[in-house]
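Following: one structure in structure tokens, then a few remarks.
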Amino acid sequence: MAEEASHTFLRQFGCEQSLLSKPDGSASYFQGDTNVLSGVYGPAEVKVSKEIYDRATLEVLIQPKVGLPSVRERAREQCVRETCEAVLLSTLHPRSSLTLILQVIHDDGSLLSCCLNAACMALMDAGLPMSCLFCGITCSISVDGQIITDPTAEQEKESRALMTFAIDSAQKGVLMATTKGSFSVTELQECIAVSQKASERIFQFYRDSVFRRYSKIL
Amino acid sequence: MAADMRLPTRREEVPLQGTFANLVVPGDVITTDTGFMRGHGTYVDDEKLTASVAGEVERVNKLICVRPLKTRFNGEVGDVVVGRITEVQQKRWKVETNSRLDSVLLLSAVNLPGGELRRRSAEDELSMRDYLQEGDLISAEVQNVFTDGALSLHTRSLKYGKLGQGILVQVSPSLVKRQKTHFHNLPCGASVILGNNGYIWLYPTPGQLDEEAGGYYTSMEPVQLADREVISRLRNCLLALAAHKVLLFDTSVLYCYESSLSHQVQASVTCHLPVNEVLIETRGHGGGCDGDTTPP
Amino acid sequence: MATVQVSEAEKVYILHGVRDDLRVDGRGCEDYRHMDIETDVVSNTDGSAKVSLGYSDVLVGVKAEVGKPRPALPDQGYLEFFVDCSANATPEFEGRGGEELGLELSNTLYKVFSNKQSVDLHSLCISPGEHCWVLYVDVLLLQCDGNLFDAISIAIKAALFNTRIPKVHLSEDEEGGKEIELSDDPYDCVRLNVENVPCIVTLCKIGHRHVVDATLQEKACSVASLLIATTHRGTVTCVRKFGGGSLDPESIFEMIETGKRVGKALHTPLMELLKEEESLGKKRQKVGFLG
Amino acid sequence: MAAGFKTAEPLEYHRSFLKENCRPDGRELGEFRATTLNIGSILTAEGSALVKIGNTTVICGIKTELASPTVDGPTKGYVVPNVELPSLCSSRFRSGPPGEQAQAASQFIADVIESSEVIQTEDLCVEKGKLCWVLYCDIVCLDYDGNLLDACIIALLAALKNTQLPEVMINSETEQPVVDLEKKRPLKVHRHPVGSSFAVFDKTILIVDPTAEEESLSTGLMTVVMDEEGRMCCLHKPGGTALSGEKLQDCVSRAVARHTEVRKLIDKVLESMKMDT
Amino acid sequence: MPVDHRRIRGPDESFSPRLFLPSGSAKCAAAEDRRSGDGARGNMDVRAIFARCGLVSQAKGSAYIEAGNTKVICSVYGPRETERRDETEMKRGKLLADVRLAPFSCRKRGQWIQGTEEKDLSQFLLESLRPGVLLQKYPRSQIEVCVMVLENDGAFLAHAVTCASLALADAGIEMYDVVMGCAARRSGDAVLLDPTFAEEHDEHPSPSGKESRLTLALMPAMNQVSGLQAEGEMDAESLVEAARACMEGCYKLYPVVQQTLLKSVRKKAPPPES
């Protein structure tokens, strides 16, 4: 599925949708050895304390591979939640709840971007209305200044800086950004450009997989 | 100051008297005869009439029931009860009467000041809390039993109504003997309402029954010290009798009271009284305590 | 805490009774209800006692365990209090309700014992900075009919009197490390000096007077109460105001005076009783929970 | 009338101001609220700072403790930052364990510390593999009126600059550490990260230093952290409206200017403290 | 012990450097006589307080108090609808108090998780404030009082009471009287009013060996004691004496508190039309 290009190398990635029967939408997304399983419940009844009168309440839970979620997971949850909220047309389901659960199966780098991709696929599978799609891309800048997209855990460790972006499919704008390590502004702009380029491939993949599915059903 | 400390003593076992053939525990087969009807506290298993509670078998014609010895109050129409208001609702009060469910006192079932048969107006509804509010005690009669077992009460008689100053003593309902009247002005100088629900109200004997219509007025005048002593002694006597599972009615209470006079008021609490003596005495005077619980 | 409802008229009756020094159950303002005290009621503790005060029932177990001294006080052992409110006592104790009351009670107990006199903590030290005895005092409320503090403090004193801590032999092994050996002989044990363990007196302000050992009905008539813990010599180890009301300074001073007097007087019959019970030895018929 | 408009249609109310290139509190779009700083006011802490950005008040206290280092990093100490949003600071927070926002802020501060290398954990080592310092950086918000992250970073930075570590030796006989509280050395602060937060209104308008109300009405938030060399230590945009590269560039230039302002402020306060003593 | 998953965790075990002070030097700082250590303050003097209302913009009412180095901030939210309807008494409002010690407020670092000690402090604060508030005016509502101790240099609970009642007054909650707090420490025969941290934790036993701490809350206009707690060893007379000293202390601070409130009221008042 993946091909090697000079700049926008992505590890092999793929996805299986609707693999779980209980959730309203589910997906298992892998990129390289990193694998995340996601499930969406909703729109459903919402607790009164969490009810928002003009839109749906979205909750995101990230379960790490081992142990209980900690502060790091909570920060990631916030990133995923606010990204989803930006594209979901949640005003169409006021006073209801949406729950997105992301179970980390294996982490071999670029975990947050894999979470984002799995989330997007699951939301699509659940048939929730969205203004556009989004995808996650992680870039790392190695010590010698090289930009590596979709790094492995090993590459992440050796990198000088690490950035994860969520790119929307409509304008290729940056929905979410979170970084680690220090870098110059030019490097940042370069990374964004690379990510935008790489996102096209993921969006194409989204489209293909949906076509494939629906052509079977219809 | 007094602090009475002692080592606990084992309660003496009262020697069993008479036969206890009519006592059953859950699972005991009462009869295999199919001619009987199944009453409260029983069930039919494999055509055998079996007890579902521990207690005493009662037979009325073809009906067999088992009456548990200790239970919450199962009210019947005409029972006198003492209860506490727990909630003021629209057109009704909720009353705690030691039953399984809260009892109900409808606004239409009380005598309001200013005449027996007055229509209940909207103002009455708004001022319900002025008559009875949360925490108040009342005496009342069971007017009706709803299908779910909740009791509907009424206070449409001069003797019922809001209770004033006094002491509430709570005992097991099965210890209160059913009698013609449950209101007694005891000769020792105090009055008692022996509620069928096990709530017993002790209060100073009112001087004159001059209160109007059920008495939603309560005197806040201090009670005489002498009256207080009598009431406190009666309270302790009631608890002592209840602790020894003696049936409570005017005579048993009075005997106990008399035999306690040789003790100090506070010493009459529970185990210090020679209750066995009282027991025998009471029995001698015709008060049953051994199973004669069926109402006349 | 477990509460009861009381009507206005009942309150007036109680209030006037307190004024006339004749309470509902015939007691005077400074009288305690009848108390049953028994020690050594739970076999798997190092000391235990059960106290019933009116319809309040309290069980206390003391367990001694070897622990590490607190870094700040390396040459002392310490006491840990835990109060468990059984939901058997009242349905209100189920869930959070019991937890909160238990916390309030145990916090107060820590305060009552936070002085150098009550228990000789130095005697609980085994080897400074390394090992000491930790006495876990577990309180179980079986029934609540007011005045829990007083009942608990008496039960704790009785349980500590009953406590026997095994003797310890320190030995050094080859590498210089210390080893602790507990004596196997059940009679080879140390007892605590409970002379200075304080008793708590809770005074409830009702009207213009105050009463000791208030029942739940009386407590419902009172807006504020004062807890005073005193030793047999009359040294006060803890004072605390409870309840939503306030007290005027003079009545506080009066209450402290009463509390001290009553508290002091509680110790003598208690110690007599405990010694009497001990002298009975094995002859005593244990009642335990079958009373 | 204005008050009614504000409560009934808060978004329209704000828009009407933004149309005129200003904000309800009189600021321009790119203007920060007045920032004040008080360093070293908490004597029980080894280092402390109180920061106010407009109404938003944040206090940071640093406590130092001794611990043994991890096996992986025998020459490294610990920096443990935590942000607390107690019920005291706003009605939107409940007492009890920290909520998502407080946790995300804690993680953000931890990321900033790590990325900017403001403290080199090797400096905290006392003896390799045996003993090191732990810096507990507890940041408490006392008044929450938006732009929490900027305030937290300034408070943290100023408190770190105020922190003094007592001298520790290891007694060679007992192998127990011995601390001399009289002799203290200041903690070395290697870099000076400063954050600038932005809010996006109606997908196009960018404002800096949003108040709590502006935060809740905006469609996206972003924080850029710069160090003194003009490098970025952190770009934090948890989601919300998509931004183009050009817009980002604008934010970065504003953040560079902000860095100079805050740096000056910290230096000024530290200077005045030296004058006092 | 349960692990806190909602905060960033440090090493499993860490120790305050104060535990490793060379022996002997540890306590010398604490044992100083008050007169030499604290300027001209006599044993029965309270520290001058700095108080101000209305610092927290988000709160209905707030106050900040500084007494010596003890710093306490408090904000009040409400009255608002009670959350848990079932257990509330309908006729009166409900007062909630929450006292927290910032981890850096004491010599030894505290934990964020509210311990039993903080719950006990909250309880004392609640019981001290409740008699002063006209809760019957706020049926079905709750009023929340949040206190954060920023620095503890002794007697923080007493000052928390004063601070909280200032914040309640600032929030416009109806009160019978302000509630003032004062603390005292007795060591032997000497009473130290409004003690500093060092005075509170003086490890040197006095000759008689009896030491005690007392915190009292007073409503000065009504002359009613709304809160009292004492622990340690004391005889009844000295207890009464210490309580009287605390009441004196409250009366001394009363004008300052009044002035603070007046000032904040004046600030809120519309400018006189002239």
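Letters A, B, C, D and E name the chains as they come in the text, with residue numbers starting at 1 for each one.
Basically, a residue touches a chain if its C-beta (ideal position, glycine included) is under 8 Å from a C-beta of that chain, and two chains touch if they have at least 3 such contacts.
Please read all numbers here as calculations on a predicted model, not as lab measurements.
Here the chain-to-chain distance from chain A to chain B, counted in touching steps, is 3. Steps from chain B to chain C, minimised over paths through touching chains, total 1. Under the contact definition stated at the top, the chains bordering both chain A and chain C are E. Located most centrally within the structure is E, per distance between chain CA means and the overall CA mean. Remark: chain A and chain E have CA centroids separated by 49 Å (rounded to whole angstrom). Per-chain CA centroids place chain B at a distance of 51 Å from chain E.
Averaged Cα coordinates give chain D a centre that lies 29 Å from the centre of chain E. The multi-chain contact residues of chain B, meaning those touching 2 or more other chains, do not exist; every residue touches at most one other chain.
Multi-chain contact residues of chain D, defined as those touching 2 or more other chains: 103, 106-107, 110. Not a single residue in chain C touches at least two other chains.
All chain pairs that touch, listed by label, are A-D, A-E, B-C, C-E, D-E. Within the complex, the chain E residues that touch chain A are 5-9. Chain contact summary for the complex, chain A toward chain D: residues 71-72, 74-75, 77-86, 161, 163, 166-168, 170-171, 173-185, 188-189, 192-193.
Taken in their complex, chain C has these residues touching chain B: 5-10, 12-13, 16-17, 19-20, 22-28, 30-38, 52, 212, 261-262, 265-266, 269-270, 273, 276-277, 284-285, 287, 290-291. Remark: chain E residues 4, 6-11, 13-18, 20-22, 55-59, 69, 71, 73-75, 77, 98, 100, 102-107, 109, 112-114, 144, 146-148, 150-153 touch chain D in the complex.
Residues of chain A touching chain E in their complex: 68-71, 74.
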